[in-house]
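First up is the structure itself, then whatever we jot down about it.
Going in written order, the chains are labelled A, B, C, D, E and F, and every chain counts its residues from 1.
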Amino acid sequence: MKPIEYRDAPAEVKAVYDDIKKTRNVPDVNNFWKHLAHDPATLKRTWDSIKEVMAPGAIDPLVKEMIYLAVSVSNGCGYCIASHTAAARKAGMTDAMFSEVMAVTGMANETNRLANGYRVPIDPAFEN
Amino acid sequence: MKPIEYRDAPAEVKAVYDDIKKTRNVPDVNNFWKHLAHDPATLKRTWDSIKEVMAPGAIDPLVKEMIYLAVSVSNGCGYCIASHTAAARKAGMTDAMFSEVMAVTGMANETNRLANGYRVPIDPAFEN
Amino acid sequence: MKPIEYRDAPAEVKAVYDDIKKTRNVPDVNNFWKHLAHDPATLKRTWDSIKEVMAPGAIDPLVKEMIYLAVSVSNGCGYCIASHTAAARKAGMTDAMFSEVMAVTGMANETNRLANGYRVPIDPAFEN
Amino acid sequence: MKPIEYRDAPAEVKAVYDDIKKTRNVPDVNNFWKHLAHDPATLKRTWDSIKEVMAPGAIDPLVKEMIYLAVSVSNGCGYCIASHTAAARKAGMTDAMFSEVMAVTGMANETNRLANGYRVPIDPAFEN
Amino acid sequence: MKPIEYRDAPAEVKAVYDDIKKTRNVPDVNNFWKHLAHDPATLKRTWDSIKEVMAPGAIDPLVKEMIYLAVSVSNGCGYCIASHTAAARKAGMTDAMFSEVMAVTGMANETNRLANGYRVPIDPAFEN
Amino acid sequence: MKPIEYRDAPAEVKAVYDDIKKTRNVPDVNNFWKHLAHDPATLKRTWDSIKEVMAPGAIDPLVKEMIYLAVSVSNGCGYCIASHTAAARKAGMTDAMFSEVMAVTGMANETNRLANGYRVPIDPAFEN
């Protein structure tokens, strides 16, 4: 499928593109949105959800972007790793922070499997 | 396999248990370590790595614990979800922060698959 | 490894290629089979299994192809996403159906993690 | 965390519970929603998304439930496997259909890895 | 679903159970087969495939069982971890070998994510 | 990020590169290490761990490399599949052995999902 550019987009897609550009203060939307635009309902639902979830809250946006990146790395999604590395850097992630996100993500993936393999029972203290 | 309790542990295992208890200021180690103790070399290597990776750095320990939790949730490791929820709460994660970690983790898992399925090409701007 | 073309294939591989071409009414087999041909036993076993599993049954072949695609998207297998998108379209998947498969796959991946993270206990009603 | 029952829920949660019960024609909501209720915004967003995505469209609800189940099985989410098996059965999935969903899901997971391992290049015919 | 015991099984299922018991020299089959028996075609196909794949070949059965275990641990399949730990032990896996399988599996899961996250390009030397 | 070549590396990175080259008897290190070098602490920790885990032990290095490959194939890590296929071949993996690793990995991924989907309870005999 080809990306749908702004000039070729129907009104409902243009409205989402406009909101993304305004919210993120960018001149154009990423390829992710231009492909999702083939399904305007999913485009709108996904953007509305992302906008709500990634907004400042109890956790600040930089931390949210680093969590997003860690999950994308765990899942091995090439596009998502590239786009959320860029997004996290834009939100303030330094080289040192990137390296620490990678180190934590790597360790979590390792110990997740050690816990699986040794079939470790959950400590009663964690059940509360 | 049965967990190896402190009193039954060989000296090299006791040394790791002692360091965990001292570093974390806890009276006993979790089941994870008591099972890993069947392989003292892996116990020591894993603890040394975790201690190094989870220490305060460019990212603070609470954020590291929330990243660890997000990865464990993505991987579906039941033990790790329970233990790192407990660890993150101990490090200061509130109910509101927990909910936001879950919401971000959920969205990342969703959009990772949308990017996969639509075969979105990486934007040139992300390649730098 | 290089793909094994029909003209270079041993008799046992040619026999599988012939059956694939006849069953699917195609002039040549996909790269998947040309690579698996390096192991003729696995080539034959895999084709025989696919042929049996993907045949019309209680579920029709189009639905089976869409399930195959949804799983491949979840697993992030680039080759499989490309080949099963093509196969599903050939079996009748429209653009609107593709978009719905993606939307369902995305939501399932999201709620799978929400269920993991909130450690939701299975409802007694589901245990029957 | 404990499930939040209807009688103890704040008004915004009760409103979502009411809509779930009405839409699905059930006397009570599943544990999934009772746990998500700890985060009313995510509860509402997730329910609204599920309601939109799982509604009849180009694909009928039974097929959508079977895709949801296949993804949940691939991801190994115990709660989701149990709940979506129940949901798919309620939507009309017979024993024979269940078995075919499992067989397709199993084969897809197998061939996804064979394609990964043999590093099969995408056929030019799939790139359109 | 309930497991299907030998005495209650139809002839085609009994035939597979008999072959499993004879091949593995065991008095009864595992729960895996007793559940798969709800779909006799998948039961037979899966057993025939497992029997072929796990037979002695270029790699001996113990190594195959350890690979099976490593994959099951990576995927977090609780049943499979339990059953293939038992199978590998029966085939000769010692405690020391088990620990090394876990250590390798853990490291692979860690470095897989480091490679993903740092977006390491494939070395030209590996492309041959 | 760009790979860090030996000539441009700080002393602590050069020391790790030297140890890798000496241990593996190779003229240069792979891209994996050249990218990890952006985080010298993780570079050193990861190399020290890999060196310890992959050394001859109760399991020989060829088997360890095949397990590493099987896990990388399961996770779909493109770089890791390429590099560990090369490493396993260097350690003695023949074409026939490669094919058997793939076949076992494929079957394990299939039956992991069948066990998940049929919700097979663990046999009491496996619990010891």
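Basically, contacts are C-beta pairs under 8 Å (C-beta built on N, C-alpha and C of every residue); 3 or more make two chains touch, one makes a residue touch a chain.
Please read these numbers as outputs of a predicted model, since none were measured by experiment.
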item: Each chain counted as touching chain B and chain E at once; value: A, C, D, F
item: Chain pair showing more contacts of the two, E-F and B-C; value: E-F
item: Interface sides of chain A and chain E: same vs different residues, half threshold; value: same
item: Chain whose mean Cα position lies farthest from chain C; value: B
item: Relative to chain E, chain with the most remote C-alpha centre; value: A
item: Gap in Å, rounded to a whole number, between the CA centres of chain F and chain D; value: 34
item: Euclidean distance of C-alpha centroids - chain B vs chain D, Å; value: 27
item: Approximate Å spacing (C-alpha centroids) for the pair chain B, chain F; value: 21
item: Contacts with 2+ other chains: residues of chain B; value: 38, 41-42, 46, 49, 53, 74-78, 82, 85, 99, 101-103, 105-107, 109-114, 116, 118-119
item: Contacting residues of chain B [partner chain F, same complex]; value: 41, 45, 49, 52-53
item: Chain A-facing residues of chain E, complex; value: 69, 73-74, 76, 78, 81-82, 101-102, 105-107, 109-114, 116-119
item: Touching residues (chain side chain A, partner chain F) in the complex; value: 76, 95, 99, 102-103, 106
item: Interfacial residue positions of chain E with respect to chain D in the complex; value: 38-39, 41-42, 46, 75-77
item: Complex contact set, residues of chain F against chain E; value: 1, 30-32, 35-36, 38, 42, 46, 49-50, 53-54, 57-59, 63-64, 66-68, 70-72, 74-75, 77-80, 82-86, 94, 96-97, 99-101, 103-105, 107-116, 118-123, 125-127
